[in-house]
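Submitted below is the structure of interest, expressed as C-alpha cells.
Chain nomenclature is as follows: A, B, C and D, assigned in order of appearance, with residue numbering initiated at 1 for each chain independently.
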Amino acid sequence: MASKTPIGFIGLGNMGNPMAKNLVKHGYPVIAYDVFPEACKEFQDTGAQIVDSPSDVADKADRIITMLPSSLNAIEAYTGANGILKKVKKGSLLIDSSTIDPAVSKELAKAVEKMGAVFMDAPVSGGVGAARSGNLTFMVGGVEQEFDAAKELLSCMGANVIYCGEVGTGQAAKICNNMLLAISMIGTAETMNLGIRLGLDPKLLAKILNMSSGRCWSSDTYNPVPGVMEGVPSANNYQGGFGTTLMAKDLGLAQDSATNTKTPTPLGSLSHQVYRLMCAKGYAQKDFSSVFQFLREEENL
Amino acid sequence: MASKTPIGFIGLGNMGNPMAKNLVKHGYPVIAYDVFPEACKEFQDTGAQIVDSPSDVADKADRIITMLPSSLNAIEAYTGANGILKKVKKGSLLIDSSTIDPAVSKELAKAVEKMGAVFMDAPVSGGVGAARSGNLTFMVGGVEQEFDAAKELLSCMGANVIYCGEVGTGQAAKICNNMLLAISMIGTAETMNLGIRLGLDPKLLAKILNMSSGRCWSSDTYNPVPGVMEGVPSANNYQGGFGTTLMAKDLGLAQDSATNTKTPTPLGSLSHQVYRLMCAKGYAQKDFSSVFQFLREEENL
Amino acid sequence: MASKTPIGFIGLGNMGNPMAKNLVKHGYPVIAYDVFPEACKEFQDTGAQIVDSPSDVADKADRIITMLPSSLNAIEAYTGANGILKKVKKGSLLIDSSTIDPAVSKELAKAVEKMGAVFMDAPVSGGVGAARSGNLTFMVGGVEQEFDAAKELLSCMGANVIYCGEVGTGQAAKICNNMLLAISMIGTAETMNLGIRLGLDPKLLAKILNMSSGRCWSSDTYNPVPGVMEGVPSANNYQGGFGTTLMAKDLGLAQDSATNTKTPTPLGSLSHQVYRLMCAKGYAQKDFSSVFQFLREEENL
Amino acid sequence: MASKTPIGFIGLGNMGNPMAKNLVKHGYPVIAYDVFPEACKEFQDTGAQIVDSPSDVADKADRIITMLPSSLNAIEAYTGANGILKKVKKGSLLIDSSTIDPAVSKELAKAVEKMGAVFMDAPVSGGVGAARSGNLTFMVGGVEQEFDAAKELLSCMGANVIYCGEVGTGQAAKICNNMLLAISMIGTAETMNLGIRLGLDPKLLAKILNMSSGRCWSSDTYNPVPGVMEGVPSANNYQGGFGTTLMAKDLGLAQDSATNTKTPTPLGSLSHQVYRLMCAKGYAQKDFSSVFQFLREEENL
C-alpha cells in the first residue's frame, strides 16, 4: 500500500469529499485543494496533504481528479492563473468528474494535450449516498488506451465505470440520460395526476403502466406519487434524492449542447423550463420527483 | 358449445374483424353489424349472422361488444335512430372496446342504465397482430360485480383483462398509458439524436440509458433508432406498429380529458402537437417511433 | 318606445345582468330567466318580467338572447327538458352571446333551424365594465341576411358589432383573438423578465419593443410589468381586468377546436398549460397579465 | 471632410460591407479587414485601405467597428493571436455591432478596459436593405459618457441609435425584441391557421385581430398569411425578409441568456425549437413568417 503514488484531488464539496475519502480508504496518498478553507480543514483529518492551489496539486501529483460545480470553476482550475496547467507534468492523467458542457471538456482536453498530458471527462451518476458507499457510476470520455488507467482509480469510488468514446462523450452520456430522465419523470407525474383525476387508483394505475408500454424507471422504480412505493423520496415528502435545482442545471447543459449542435429537443427544452419554474416556486431543494406535487395542486374555485 | 348464447358485435374494421373472429373460434354464435356492407360481407364467411342495424343486433343478443373508431360513431351506435338502445333488453351486458373520451363512456353508461342494462368500457392495447392472435390487453371500467361476466367474453380475444374501476376508468387507463408512451418515445428520440450529434455511438448510448434512470419501454424494447434493435419498426423503415395518426388521436383524447379536469399536462400537450405536426409532414401512416426520423433531419447549410 | 316587442334574456350573471339592463334602458320590455332565483330577483327591480324556464321565455318572446357560462349550460338552455326549443316560435331570432365551443354553436344552430327559427352566435369581448357602459364588442356568426336584425339588438349593448361569417365564426373569432392575446401576453412577460435580468430598465425596454417588431397590444397597451404603465392591472396589483381563470377557459376552447380541426398550435397549447398551472398556484382571480409575476419570482438559493 | 480621422472596420459580409460603405460615403477614411480575401477585394474599390489582420486595423485606427457572425468570431477578432487587443491604443473606441451573447460582450468589455480602451456593444435591427440605405436601428450598451462619440459614427449607418444602458444591454435589447417577435409571429401563424380552418376569411380575421387585443406587429404589419397584405414576404413566397436560420440563431442566444440568468421562458424556448425544426425541414432560407406555411400543411387522410 505504501508504494502507491499520490493522487491529486481538487474540489472537496458534497460529492468530492466522500469520493476523495474513498481514495484514501483504498490506500492512496491524496494531495487535495478546495477554494473553501473549511472544506480543506474538514478533509485534512483523513491524513491527506492540503496545498494552496491547483498548480500546487499538479506539482506533487501526476494523476489528478477534479470535481467542481460548474464549467467556469473547471476552466479556472485548469487554465487559471494558479491552475493545474501551470505546473502539470508531461504524461499526467487528469480526470474531470464535474458535470459540465461537453464543449468545455473538449476545450480543456485540447489545452491539456498541448502540455503533453492526458485529459478524460468522467462525470458521475448517483448522488451523495453513492459517493459515500463507493457505488457511483462513471461515464468516461477520452482516448481509449488511457481508459484502463482511469478505471483503476475510478473503481475505488464507483461500482460502474463505462467507456463512452472520445473526450466529451462522458458528459454527453450523462446529460442525455438526465434529459430523458427529466422528460419521463414529468411525463409520469402528468400521467399519474391525470389518471387520478379521471378516477383511477394510483397504485392500480402504476401497476397498469408498469406492465404496459408507458413503463419507465420513473414509474416502476422511483414513482413520484406518495403512497405508490416505499423507500423513495415521494414516500418521504420529497426529501433526499436528486434535487430539483441540480436537475435544472443538467437540463441547462443539455440545452446548451442542443443549441450548439442545432438539435431540436422540444420536450427536453420544455422540461428545462418546468424545472426552472419549480426552482422559483419553492421546490429547489426537494427531490425532482416533486414535480408531481407541483402539478397536482387543485385550482381554487 | 352449441348451447352458447349469441354475442352481438358492432364494428368489423381492422380491429373488430379479427376480434369477432376469435369469438367465433371460441364457439360463440355471433350477430354482427357494420356500416360498411363490404366489411359485413367479408365477415359473413365465418358463419356469423349479419343484421341491418345496431338495434337489430340488440334485438337478437343480450351481450354485445362494440368496436368503433370515434366518440361520434359510438354515440350513434348506442343512441342513434337505429341504435342499440332502441331494442336493448333489460339485463343486457354492453361492452364498448372503442377508444373514446371517458366522459362519453360515462354518458353512454347513464343512457344504458336507464334502460335497465349494464355498460362497461373496455378499450384495448396491442394492435392488429394482437387482435388476430387473441393477445390483446383489455382495460375494463364498470360495476365490479359485472366484471366476471365481461372477462369471460374478453378472454376469448385478449391475454390480459384488467379491472380498472368505475365506468370510464378503462378509457382513462388507456389514454394515460398512451400519453406517457408518447412522451417517453419523443423523449427517447430527442435524447438519442442529441447523443449521436455529441459523438456517442447509438447502440452504446441505448445500453447506457437502459442500465440507468433514463430507461423506458421506448428505449429498451422499441428503440426508435435504426440499427439499435431488431424486430422493431425502426428496423423496418417504420412500417407496421402503431401509426402516428392513431397516436395523435389518442393524445387528442388525453388533452380533452385534461382540459375537462383542469389537469396541467405540459409535456402531454406538447407531445400531441408534435404528433399533429408529423401527421401533416408525411408521417401519418408510419409507426409513431418515426419521430426520431422527424427530428434527426439535418439543417441545410 | 311602448310599441317595442319584448326581448327574451336568459342568463343574468355578471355579464348578462348589465347587458339585459341596457336593453331595458333602450326601451325594450324584457322577459328574463336565470337558474339562480337571487339573480332573477335582483333583476326584477328593472321592471322586467321573470319567468320560470327558458321554454317560458320562448313562449313570450320571439327574439331571445342567451348569456351562459359554458357549453353544457347553453345546450341545456336550448335543448333541455324545459329548453327554448320546447316552445320556440317559427321565425324567432335566437342569439347566443355565451363563449362556447364553435362546434356546439353549430349543433345548436341545426337544432334551432329544424324548428324553423334562426340561431346566431355572438360572443363578446370587453369585460363587466364594457357590459355596463354598453361598450362591448360582439363577434357575430350566422346567416348574413339576419345580421341587421341582430345588430339592432346588439347595438344596445355594444359599441362594435362585427359580422364574421357563417354560424360558429363569431366563436371562432373570439377564441382566435384570445389565443393570440394569451401567447403575446406570456411572450411579453417572458421578454420583459429576461430583459430586466439582463440589466435593462423596464420602461426603456418597453419603449424599445414598442418602436420595434416585438410590439404588441400586451406590450404597448396593457404592459404586465408594474411601473411601466398607469391605469392597467399591473399598476394595481393585478386586480380587475380579465381573470386568469377565464383566460384558461377560453384557451381550453381553443384547444378543443384545434384538436377537432387537427390544427397544430404549439404555442397556443403551451399557453393553455401555463394559465392552467397559474390557476393552481393562486393566480385564478388575478388579471391574466399576472403571468409576469408568476414567471419573475427568483429561485431561492 | 479631409480632416476626418480614419475608422477601422472588421467584417465585410452581407451586413458589414454596406455599413462600411456608408462610412466611406460620409467622408471617413476606412481601414478594413475580413478573413475572406474576396470580401476585402470587393470592398477595396471604395478606396478603403485593406490590412492583414485585426491588430493591423488597431494599429492604424483608434475608432473601430466590428460586424461578425458569431460569438467565437468576435472573441477571435478581439483577443486572438492577431486580434485588436494586440495593438489597441489607449483611449480607443471599439464598437461591436455583431449579434452575440451579452455575456460575451461583457467579457470583451473587460478585456478592452484592461488595455485602457472603451468597448460598446451595438447590434442592429433591420436587414441588408436597411444597411444599404443607412436606415438600421442600433441598440447601444456601454458607458453613457461615450454614447455621443459612438452615436456620431453609428448615425452614418443608421436612422435610430438607442442608448440601452451598461455594456451588454444593447445585445439584451436585441435578443429580447427578437424573442418576442418570434413568439408573436408563431402565435399569429397558429391563430390565423386555426381561424381559417374554423371557417373565417383570413383578411377579415386579420382585421378583427388588428382592432382587438390580439394585435401585434406580426399581425398588422407583417402578416404571415398569403393574400392578407401586400409588400411583405408572405406575398412573395416568403422570399427576402429575415431568414428562419437567422431567427433560430437569435433565439439560441436568447436561450443561452435565459439559462445563464435562470429565467423561465416557456414560449421563447418552444419558439426556438419550432424554428430549429423548420431549419431542418427546408425553411432555413425562407423568411421567418413562413412558419404559417410550416403549420398549415394538411394531414394526409
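Criterion: a residue touches a chain if its C-beta (ideal position, glycine included) is under 8 Å from a C-beta of that chain, and two chains touch if they have at least 3 such contacts.
The structure displayed is predicted, hence computed values, not measured ones.
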| item | value |
| --- | --- |
| Between subunit A and subunit D, the fewest steps along chains that touch one another | 1 |
| A-B or B-C - the one linked by more C-beta pairs in contact | A-B |
| Rotation in the CA alignment of subunit C with subunit D, degrees, nearest 5 | 180 |
| Subunit A-subunit B separation of Cα centroids, rounded to whole Å | 40 |
| Chain centre separation (subunit A, subunit C; CA means) in Å | 50 |
| Whole-Å gap separating subunit B and subunit C, where each centre is the average of the chain's CA atoms | 37 |
| Touching two or more other chains - residues of subunit B | 262-266, 270, 276-277, 279-280, 295, 299 |
| Contacting residues of subunit A [partner subunit D, same complex] | 248, 252, 255-256, 259, 262-266, 269-270, 272-273, 276-277, 279-280 |
| Subunit B residues touching subunit A - in the complex, by the definition given at the top | 102, 125, 137, 139, 160, 162, 164-166, 168-169, 172-173, 176-181, 183-184, 186-188, 190-195, 197-201, 204-205, 208-209, 211-219, 221-222, 254, 257-258, 261-268, 270-271, 274, 295, 299 |
| Interface residues, subunit A side, partner subunit C - complex | 245, 266, 270, 276-277, 279-282, 284, 295, 297-301 |
